Every structure is written in C-alpha cells, then in structure tokens.
Amino acid sequence: DTGSESDADGGGELTEVKLQLQWLPQGQFAGYFAALDQGYFEEEGLDVEIIPSGGDIVPQDALANGDVDYAIAWVPKVLGSIEAGANVTNIAQIFQRSGTLQVSWADSGIESVADFEGKKIGSWGFGNEWEIFAAMAAEGLDSSSVEIITQDFNMNSFLQGDIDAAQAMTYNEYAQLLETPNPDTGELYTEEDFNVISYEDTVGAMLQDAIWADTEKLESDEEYQDTTVSFLKAVIKGWVYAAENPEEASEITLDAGSGWGPSHELWMVNETNKLIWPAENGIGIIDEAAFNKTVEGALSAVNESGAALITEEPPAGVWTNEYIQEALDELEEDGVDTTGDGFTPIEVTLEEGGN
Amino acid sequence: MTQPTESTADAAGRTAAVTVSAVDKTFDTRSGRVDALTAIDLTVSAGEFVSLIGPSGCGKSTLLRLIADLDQPTAGSVSVFGKSAKQARLDQDYGIAFQQAGLLPWRTVAANVGLPLELHGVSGGDRTARITELLEMVGLTDFADRYPDQLSGGMQQRVAIARSLAEKPDLLLMDEPFGALDEMTRERMQTELLRICAETGAAVVFVTHSIPEAVYLSDRVVVMSPRPGRIQQIVPMVLNRDPAHAEALREERAFFDGVTAVREALHAGSPVPTGARGVENR
Amino acid sequence: MTQPTESTADAAGRTAAVTVSAVDKTFDTRSGRVDALTAIDLTVSAGEFVSLIGPSGCGKSTLLRLIADLDQPTAGSVSVFGKSAKQARLDQDYGIAFQQAGLLPWRTVAANVGLPLELHGVSGGDRTARITELLEMVGLTDFADRYPDQLSGGMQQRVAIARSLAEKPDLLLMDEPFGALDEMTRERMQTELLRICAETGAAVVFVTHSIPEAVYLSDRVVVMSPRPGRIQQIVPMVLNRDPAHAEALREERAFFDGVTAVREALHAGSPVPTGARGVENR
Amino acid sequence: MALTIPNRSRSSANAETTLRVAAPVAVGLIVLGAWQLLVSVGGVSDYLLPSPAAIVGQFVEFFPSMVSATGITGLNALLGLVVGSILGILLAALAAASRPIDWMSAPVVASLAVIPIVALAPVLNSMFGADSQFGRQAIAGLASFVPVFINTLRGFRQTLPVHRDLMKVYAASSAQIVRTVTLPTAVPFVFTGIRIASSLAVISALVAEYFGGPRGGLGGLISTSAASSAYPRAWAYVVASIMLGLLFFLVTLALERLATRGRQRS
Amino acid sequence: MTAENLAPALRRRRGAPAREAARWGYGVLGILVIAALWELYKFLGPVDGVVIGETRVLPRTTDLAMPHTWDMVARLFEPVTRSSTANPLWLEVALAALVTLGIAAVGWLVGIVVGFALALVMQRWRLAEWGLLPWIILSQTVPLIAFAPVVRSWGSRIEIGAFEWQDWMSVAVIASYLAFFPIAVGALKGLQSPDTIHTELMRSYGVGWWKTLLKLRIPASIPYLLPALRLGAANAVVGAVVAEVSTGMQGGIGRILIQYAGQASGDPAKAWGPIFGSIVLGLAAAGSVAILGAILRNYRRVEITA
C-alpha cells in the first residue's frame, strides 16, 4: 500500500463521514458515487454516507449546523450563507468551469447578455440566479430591466414560448431540450435550433460545485484534518474513474438512484467531466483569480427584491488549497494523473425523453 | 272535477269541506309494504272542527297529507270543497300548520306571515295590511320585526298559525300544532284557536295525541287504530264552545265525560294495558 | 353530616328523603341576574311521591338540580337522607331520569342499564343478574341486545328508568321523563311508574307540565310560580293509588277534582288568560 | 324544557370576551419569549431558526417588499378563491339537482381533494404558461373548489321536509322554491365552505410559486431567501404569509357570521 | 316527538345493491366524461389555448401540455427507461407509492397522537382551548417548506443508543404536521359533543373526568373522529409527498414526481404516471379509514352533520 498516515485500514475501524449533495443523485455527482462504489473511500479508511437533498435542503447549512461533515455547493450560494454566519471553508473546487447556459431560440436574436433587456428570462431561483444578475450587472442592466420567471423541473416553459431565454445546465436541461421531438418535424431538436450563451464566457461566471468543510474543525481538529485529506484523495480517484469510465460511472449513478434514462445519464457524466477536466493545476485546486471573480460578481449582483447576495468581501479563511494539495501530492506519488491531460470526452447520442 | 257531486255534500246539503271516500294508502319501504291507511271514509262539513286522534303510527299524519295533496292515495278519492285535492291545493283553499312551526329562520315574523301572499303575487300594500291584521289576530303585533329564534316555542307556533290563515282559507289542516308546547301554553293556544275559528268560520282538521285537547276543541273526534290504520269510532262532542265561556269549560262535567268517552273509544282499539310488560306499538 | 338532624326529619319522625330549607338560587347571565328560586322550603318524606308543576321558567328543573347536586344553592341548604346533597350524590342515594332518555347510542339496552353498575365496579356476574332483574321490571327482557335507535321513544324512556333504578336508590329524581311521549304511551308509562314505586318503596320528586299526570301520580303536588320562582301552593291528593285499580282511577270523580284543584292553584299564580294577546312568559 | 341549560352563561360575559382574546395572545407571547430566550441565552443555534427579534428586524427592513409580495400572492389567492368558490357553488347546484351528476362528480372531486400541489403545478404551468400567474390562480381555485363544493352540496340537502311541504302547499314554482327556501338554507353552508377554502387558497397560491412562474410572490421569496441562508428574512416572509392567511380567514369568518346572523341552527 | 318522528334521524345508509352499482357506474362514467372532455378540447381547442386579454384561460392543446389520455394510459405499461432492467412505469409508481404510503401512515399515527392529545387538553381546560385553538388554525398557514430544513437538521441530531434518525422520519414528521390539524379540531368537537344530559348523568354517578372521558367522551367522539381521520389521512399523504420533494428523500412518490416532471419535455405522458399514483394513494389512504368506520359502526348509530 501507499503507507499514507491517514490510511486506517490497519486499525480496522472506519471513520464515519457524511457528505451532503446539493440535489438528487445524478451524473453531476458521479465522482462521489464512483468512489463509494469502487471502494476508494474504504481504502482511505472512511465509511462515507452520501446524502442527497431536495428543493429545500441547503447543503452548506447542513454542514454549518454540524449535520454532515462535508457538503457540495456552488460558491456564490455559499458566499451568501457565509455572510449570514455560516462558518465553512472551500477545500476543493471540483468544477473548474461554470456549466450554466442561457438558451434561446436560434431566430430570437438573443445572442448575448446585453440582449436580455426587456425579455422574459428563466431561472430556477433557489440561488441559481446570481450568475444572471452578475452578468447583467456587468452589462449595466439591473434586475428590474428583465422579467425573471421561475422555471420548473422541465423545459416546457421555454419550448412553449413562455420565456425567451431559459437557464440550463450543460449537463442536464440542455440535454432535455435535445431529447425533445420538434413537433414541426417529428425529429429531435438539434443544437442548430438554439442560441447558447455560456456564462463561462461572461463576466458573471461563477464557480460551481465545490467541496466545503467545517472551518472550526479544520482549524482545531487534527483527526478531521487527516480525514479531509483522505476524503479528498478518494474523491479525486472517483472523478478520475468517471473520466476514464464514463459508461460505468453512469451505471453507478443510475444504481445509486438517479431516475434519468441511460442516454441522459451518460450525457450528464460526460458533460460533468468536461467541467472538471482537464484541470491544469490538478483537480480541485482553487484558482484565486476565479474565486475573486466569483466574489466580485456576487458583490455586484442585486436581485429583484433589492437584496444583494453579499455586501462585503468574505473572510480570509473562506478557501484553502492546503488539503487538496496534500491529497494531490500523495496521489501523484502513486502515479495518478490528477490534471487529466489526456482527457477526451466521448460522444453521446441522446434518445427521445432521455431514455 | 270542480262541480260539487252528491258524495261531496254533507248531511245538511252544503258542499262539504273535505270528503274522503274509501281511501287506502300503502307505502313500499325497504323492509316491505306498510299499510298506513285502509278503507277510510270521512266527511268534514264546512266550519266543522274535526280532530284525529290515535296511537302513534295509526296514519293521522298520512290522512292529513292526503287531504293536503302532499301525498296521493293508493286507492279511493279525496275531495276538498268539491274539487280534487290537487285543485284545492293549487287554488289555495286550505291553510296548513305542522308540529314544527316550520318558520324560515332568515325571515322576520312579518315576512314569514307574508310568505304565501308574496309567493302568490299579492302586492306590497295589500300584503302589509293583511300581515298587520294577522299579527293582531295572534297577538304578535309588537314582534313583527323579530326573527323566529328570538321567540318562544308558543309564539313561533302562533306565527305559523297566522301564516296558515294568510289566504283566508275556509279549511285549516293542523298536524299536532301544539305538540311541542308545554301544557299551560298549550291551553292558552287552544283557547286562541277556538276564537280564531269562530272569527273566520273555517273548517278544521286537527291531528292530536291529547285527549283533553281533542275534546276541548272538536265538534267530532275521529278515533283511529293502527295496523292497518282505520277509523275506530267517531265521537261527537256536545260542549258549549262559546269563546267567552272557554276557560270554565275545562272544569265542567261535560268535558270530563267527553274525555272519558274518547279514552274508552281509544282503548277499544288497543287493549287497555294492565300496568306491566305492555310492549310498545311501533 | 351523616347524622340525621332534627330539621331533616319528616312529620312522622323518620329521616326525610329530601329537605330543602330556605333555598335561593340566582344566575348571573349576560343580560343580568336571574332569580330562579326564592325562599324554597320543601320536605319529601321517605316513599312519598311529590310532583313539581308550574309554568315554563318557574325553576322546577333548577330545584331538581339542586337536590341532585348538579348545581349549588346561592343561599339555604339541601339535604338528602340527612346528608349533604353532595354526599348523597357520591353515595348514589338517588337515581335520576330526564325528559330525553339520554341513553348512550353505542351501547345496547343491557349495557345502558348496566352503566352505573359498571362505573361503580359491580362485578360481571352481579351486574348481569341485576340487569336481567331491571329489564324484567320495565318489561324489556326481549330487547336487551337492541340499540337505543331500534326502540320507540316509550321504550327508550323505560330503559332510562331501569337505569335510574340500577343502584336500588331510595329516591328517584325525574325531570319531565314522559314529556316527549304521546299521550297514550304516557298513560301507560305512568301506570308502570306507580307499580315500580310500589315495588321499590322509593320516594320520587317528579317534574311535569301535565296536570293530569301530576294528579294521577302524586301524594302531593307542589305548584310553583315564576319570577322569582317560589312555591305557590302545595296540593295534597287523596286518590286510592292501588295498582290493581290504576286504570279506572283516571275516570273517577276524585281524579277530576284533583285536576281542578291544581288548575286553580296554578292560575292563582299567573292570571288566567282571557283568550287573546297573552304574551308568552319566557 | 329539560336540564339542558348551557353552563357558560354563568361566567360574566365581559371576563369571557377578555380571556378569549388574552389567552391566545398570552400563548403567543410565551412561545415567542421562550423561543427568543432559547436562541439568545439557551445556546440553540440561531442560524437555522432565527430569533423573533431578528425576524422582526428583517420584516421592518424589507417592509416594502413584504407588502408587494403579499399583494401578489394575495391577489392570486383571492382570484382563485372567488373563481373556485363560484365553480364549486355552481357544480354543487347541478349535483344537488341531479343524482347522476352527483354520482359522476364524486370520484373527480374526491381525487381533487387528495392531489398534492407539487403534482399539479408543473402540469398547470405547461398547460397555461409559466409566464402568467394563471397557474397559481388555478391551483388556488382548485384548492378552494373542493371544500366549497362539498359544503354547498351539503347545504342544498339541508332543506327541511317541513319547508319543502310548505312550498308544495303554496304551489310554488321551482324558481320560487329555490329562491325562498333552498338557497337561503344553503347559504350558511356555502360560507362555511368559503371560510375553510380561504386558508387553503392562500397556502396553495404560495406553495405553487415554488414550482415555476413569475417571481415576486411570498413563496418565491421564502425559497430564495432560504437558499442563500437568509433565514431571518425567509421567516419574515413566512410571518407575512401567516398574516395574509389570517386576513383571509378573518374576512371569510366575518362573512360567514354575517350570512348566519340571527339564525337558529338545528 | 314520537318514535315515528325520530325515524328519519336513524341511520339507513346502506343502499340497495342496485343503487350501489348505479353509483359506481356513474362514478366511472364521470371519469370517462372528464377524459372525453379532455380529448374533445384537445381536438377542437386552438393550439395556443384561449387567451383573453393577457391571460390564457383555456390551456394549450399541444402534446406537451395535454398528452392524449390513451398515451398517458399506454405509457403506464411501458418500461420506465430504455435500460434493460427497467420496470414498467406502473410498477415503479406503485412501488414508490407503497413507500410513501408507509411513511404517510407513520405521519398519520403521529398526527393522531398529537392531535388527540391537544384535543384532550383543550377539552379539559377551556382556557387551553381559547389559548391554543387560534394557533392551531394559524399553524396551517405556515408553508411546510419553511421548516423542512429545520426538521431534518434537528432530526439528524437525535441519536439515542442504536436508534438513529432516518430521512424518512423527517418526512413522517412533516406529514404529521398536516395530519394533526383536522384530527385536533375533529376530536375536540367530538369530545365536546356529549349533551349536558350525558355529562350530568356521569356527574350524578359521582365519577370524575377520566371515567367520563373513557365511558362517554371518547365513544361519543367517534362519529366526529372518523371524518377527521379521513381528512388526516389524505393530508398525511399530501404532506409526505411534499416533504419528500422538499427534503430530497429517495424511493417515494414525491421523488419520482419531480424526476418525471423533469423529463416531461421529452416524455410528456410519463409525468402523469406519478400524478395518477398520488391520487390513487390519497384515495386509498382516505378509503382505508372507511374500514375503521365499518369496525366502529356501533359507535356511529346517530348521524352527525359535522
């Protein structure tokens, strides 16, 4: 074995760890489920329970309340929670890129954020709207210059023309569009039918899925520090597995309770991989510039009720590369490729309804 | 049907108020056929006061409902003032009152009394006049604007009687109108009813359970027996029913004799209980 | 309190069943103070049958409730068999029956009759025996397993009376127990009640609105008048209340004289209505 | 006429009225006090469950937004309540008039009574468009429809036999019967149904906002605030929604009292 | 006031078999009529619905908005996904519905205990009734979603010996929040329902509050309690479904409800599966109270109009 200190299988007892996801089990979280399925957590001496969440469970709050040990959450949402008093630290920025799109019809003339003015803009709410407001702020638009419509779980409101531009994750809702038959032709819609604005290309881009830990315990609890490194190692191995074996990874998430059809699930794993890999500095390393950009966006965004996401800079200890770096170093010793240089996405064909 | 026929005239040759001929009434119920009335023959003369008395279930209410055309006989015929019961109902030839006063709780006393007039399109001014007159007759002038729930049971029953008189009918049908009142109120109401009948000259068919009530009020008491409901005996009364003399009547010898006569007619129909283990008729 | 004192003994020197001394009862209501009873003095001897009669609202029920310790007097005292009313209630010295039978609809006739025994821990065997005995007494042996809704009103009332006799009380309190029955059933129930009283030797305080009923049943009739409720007059009865002779009684001269006496006592309390416009007392 | 005099008239009327108001206020204050104490002194984290003081603070700070959000949700609830009630009354009238319609509507109404809003909201948004408030109004309407229908139908069946006989005796026409007896008898039941529906309309309109549609209502703001851990603000919007529910309840209760004024039940 | 006059008040519920059959027949017909209206409108109505002013008052008729009824039914018998191990949709819905039914049953029982306890306290002390009842009514205007996170968070802190708080328990607690309300109100009404004549009879027997409760108030409350339990059961199901969505619990019908709603763009008929499932679930829960009613029929001998 590697002989790392945190490796506890000599002691026999596994450390219990709870991981809070930010949504139901699905390909977005393939790496964690793969790590569980492939026994990577166990190898690191951890007994991990993955807890899904629904519409009203806020992962960083479950963490701040001590209900769980780690949580997956978007950076801007957590910034808001931190200002409200949550004491949590970003220990690994798994998604390097924003996966949020704003999709409009190809003939709609909405091709950039500047074109939003006066339009009906869809968003899910639940804190997923801050990227839109930040991007608009950068274009000099305030939230009252558009009509924000809450999207529900599917894309019907966009398909039926209730909203002009819909929010969509590359890995999920965009696929939903491509799984839908065009009533005019009877064939599935294709990418040519849509204009796609990627927030990654805008000033409003914000960091998304990150792993958060309890700040206080990180500072004072040595065992927690060790567990954190072991945990991150297993997670990285899981994501590496997902990158190398997208089909198997999607099987694993389906078995874990994802209710999507197989083609949709595979698409999701593949698109998620694209948000992670390649990772120039190594998977999970927090890029200070990207983090600051997220903070700036969050400071500039004001929603339609006049509330700002945050009003001041977050405290210094809001992120740390200490643990992810240690994990990366140990894995590199074992010869794991943690930057994904050789990563190539696969081609996924979506079937009608995602089935 | 509107021509008086021979059978609808009373002994004195005037048109009878009510003529019931060979009437049967059966009900089909879930538990089988019920013979409510069998072979009923009865004539009520104009202005006559006839009481129906008998044990529970003997068909008193049923008979009254047939006369009122609220139900139809299975066999035989009912005529009212020489017309069919239905025609008499449509012509508003009778007024009716039940054990429950049956006032509309959302209407004032005046509006309740005026209800039949309103339904038959009597104009506002005439209606108000008639209501005033009726309320005076039953002694409720001061209560015209009250709602029924603000009145005692006796007062409610007086409103119901005023309502039944609204169209100046020549026939009053009453089904235990004083059944829910206490004895003292009841006596007072009886006296008032007699006075009103004397004033209006209406014939009355009056259902009751109370022997003294029947005796006190009636020209004839029809004693009925159950299973199947039939007329047991008709007991004529010979009391001096002059209103001025009304109260004293109740303590007269003739009154007690009447009571005894009706009691005996009743007990002839159903065995006199010996005091123990008499199973209820039901 | 369990020692008989002088004031709780009747004329014959035995412990009186009920002694009411100088009792007042007032109620504070939304619309002001109501004097329900004023200066009531009454002694009921053991085995005596006393009726309370009077117009609605004169305080009959209130007086009965004070005796039953369902309410407490504002002034004065009530004692039952020489004890306080409360002690008598806890000792189950009386049985009580109301106008409504008040049976529990989810219990069979037998279970209803056995209710007080069950509540006081009488064991299964003894209870069954007593229930059988009671049902026989009221003539409902065949109906033991029926539910109240399967009985006629008269039968229900007999179950209630059986229940009130369950603990063999020496005192029966009855508030218009036959008020809801039709006159013929009522007469039968009266005869039965007399028989039961003769069998058990219990004293009875009996509230009624019916003059013939009070006269037929009672040793003494207490006539009350309202506003405030007080005893108007106590009329002693002199009828031969031998059960074998019970039915004939109702047609006797003495009976009619009793009725007349009570009527006159009653009307001495409230003016005799002249027939018109008498506003209800309420 | 028997021993059935209510006990309550005994206690002084004024004292009762005072207690009736004071008791719930006291309970409210005790609970709020305990809550505040628990959070500020008792060591319970005020993160998830903010203190009453913090909630009041946010309520005041965001007062204009509270008012406008309450207005939006309140209007949806009101429209739903009005339309749902009207439909409920009309269909109940049909069902009362005809047995077959009654029997045919029974399974449909029973289904509507048990269907969760979560299930209906996405479907209605698809059918009527996510860019309008109509979906929420429809949900509030469906939620109101059920109790109004059930109570109205019961009301139409309450006509006393003695009243029916009376109308027959007067040879009244069907229209006259409906106008003078059937409708007035049913009115208190209709208003009872509307009172029950009022709370349902508010909560349904509010919850429907969670599942798509234009923003700015109470439901959307509760979820948005909670999602960014602004729990005091989320609870301030909850307080506003409780007040809206209370307003609907009190107004419909007053209507019910008005409709049954001066009537004896039973 | 004779026995004959009492007769209409007695229960004569059980109709003749022919009448029962007619009832069911018309019930089925009612559902068919709704389906026919759906198809008729879908056939005749404009694609974009009927819009008056700014508001669409009648729905769109696209397959996305209004799938054909036969498609909805047919979809039930097709596999959930293309995956080789996929169950038919109806089975998946049925399994999920059973999970939710179990949780709702627990929530219902908790609601019964809490609701009945509150009713007892309110019956015992009038002041408690005045103090609590307005709040109990107001409690139902608090949206469930406001405290779903609180319940889950507090629950996750409970760990006594071998007992550990489970996700489904949070769902059951939230379900009980909707279930307890009708039960508290109905039980209070029922416990207060005995006539003065009955309570005074108990007093004349010299028995106290407990025995009166046991022998009189509880049996008398049953006719009121049964409809309350039925409403409570329906509410518990709705609460469980919403709480599943809210907390993200897996395995229940709430989960597949949002899951399939998410797939409704590409597979519109699929979303109707769990909707039908939740209706059947609610009807089953409410209907099972009828069995209880049949067992307790002797306690329902008098009709109430509550």
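Order as written gives the chain letters A, B, C, D and E; numbering starts at 1 within each chain.
To be clear about the criterion, contacts are C-beta pairs under 8 Å (C-beta built on N, C-alpha and C of every residue); 3 or more make two chains touch, one makes a residue touch a chain.
Please read all numbers here as calculations on a predicted model, not as lab measurements.
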{"item": "Chains linked by the largest number of contacting C-beta pairs", "value": "D-E"}
{"item": "Furthest chain, CA centroid comparison against subunit A", "value": "B"}
{"item": "Whole-Å gap between the CA centroids of subunit A and subunit D", "value": "40"}
{"item": "Between subunit E and subunit C, distance of the C-alpha-averaged centres to the nearest whole Å", "value": "50"}
{"item": "Subunit B residues counted as touching two or more neighbouring chains", "value": "56, 182, 209, 280, 282"}
{"item": "Touching two or more other chains - residues of subunit D", "value": "1-5, 48, 122, 126, 129, 132, 210, 223, 226"}
{"item": "For subunit E, residues contacting two or more additional chains", "value": "1-3, 60, 64-65, 145, 149, 153, 195, 197, 200, 245, 258, 261, 264, 271"}
{"item": "Parts of subunit D lying in touch with subunit E, wherever the complex brings them together", "value": "2-7, 19-20, 23-24, 26-28, 31, 48-49, 100, 103-108, 110-111, 113-120, 122-123, 126-129, 132, 134, 154, 158, 161, 199, 202-203, 206-207, 210, 219, 222-223, 226, 234-235, 238, 241-242, 244-246, 249"}
{"item": "Touching residues on subunit A, where the partner in the complex is subunit E", "value": "23-25, 51-58, 61-62, 65-68, 152-156, 159-160, 176-177, 179-181, 183, 254, 257, 259-264, 351-355"}
{"item": "Residues of subunit D touching subunit A in the complex", "value": "45, 47-48, 62, 65, 69, 121-122, 125-126, 129-132, 209-216, 220-221, 223-231, 233"}
{"item": "Subunit A partner contacts - residues on subunit E that touch it in the complex", "value": "60, 62-65, 80-83, 145, 148-149, 152-153, 156-157, 167, 244-251, 255-256, 258-267, 270-271"}
{"item": "Residue ranges of subunit E in contact with subunit C within the complex", "value": "1-3, 6, 9-11, 195, 197-198, 200-207, 211, 215-216, 219-220, 222, 298-299, 301-302"}
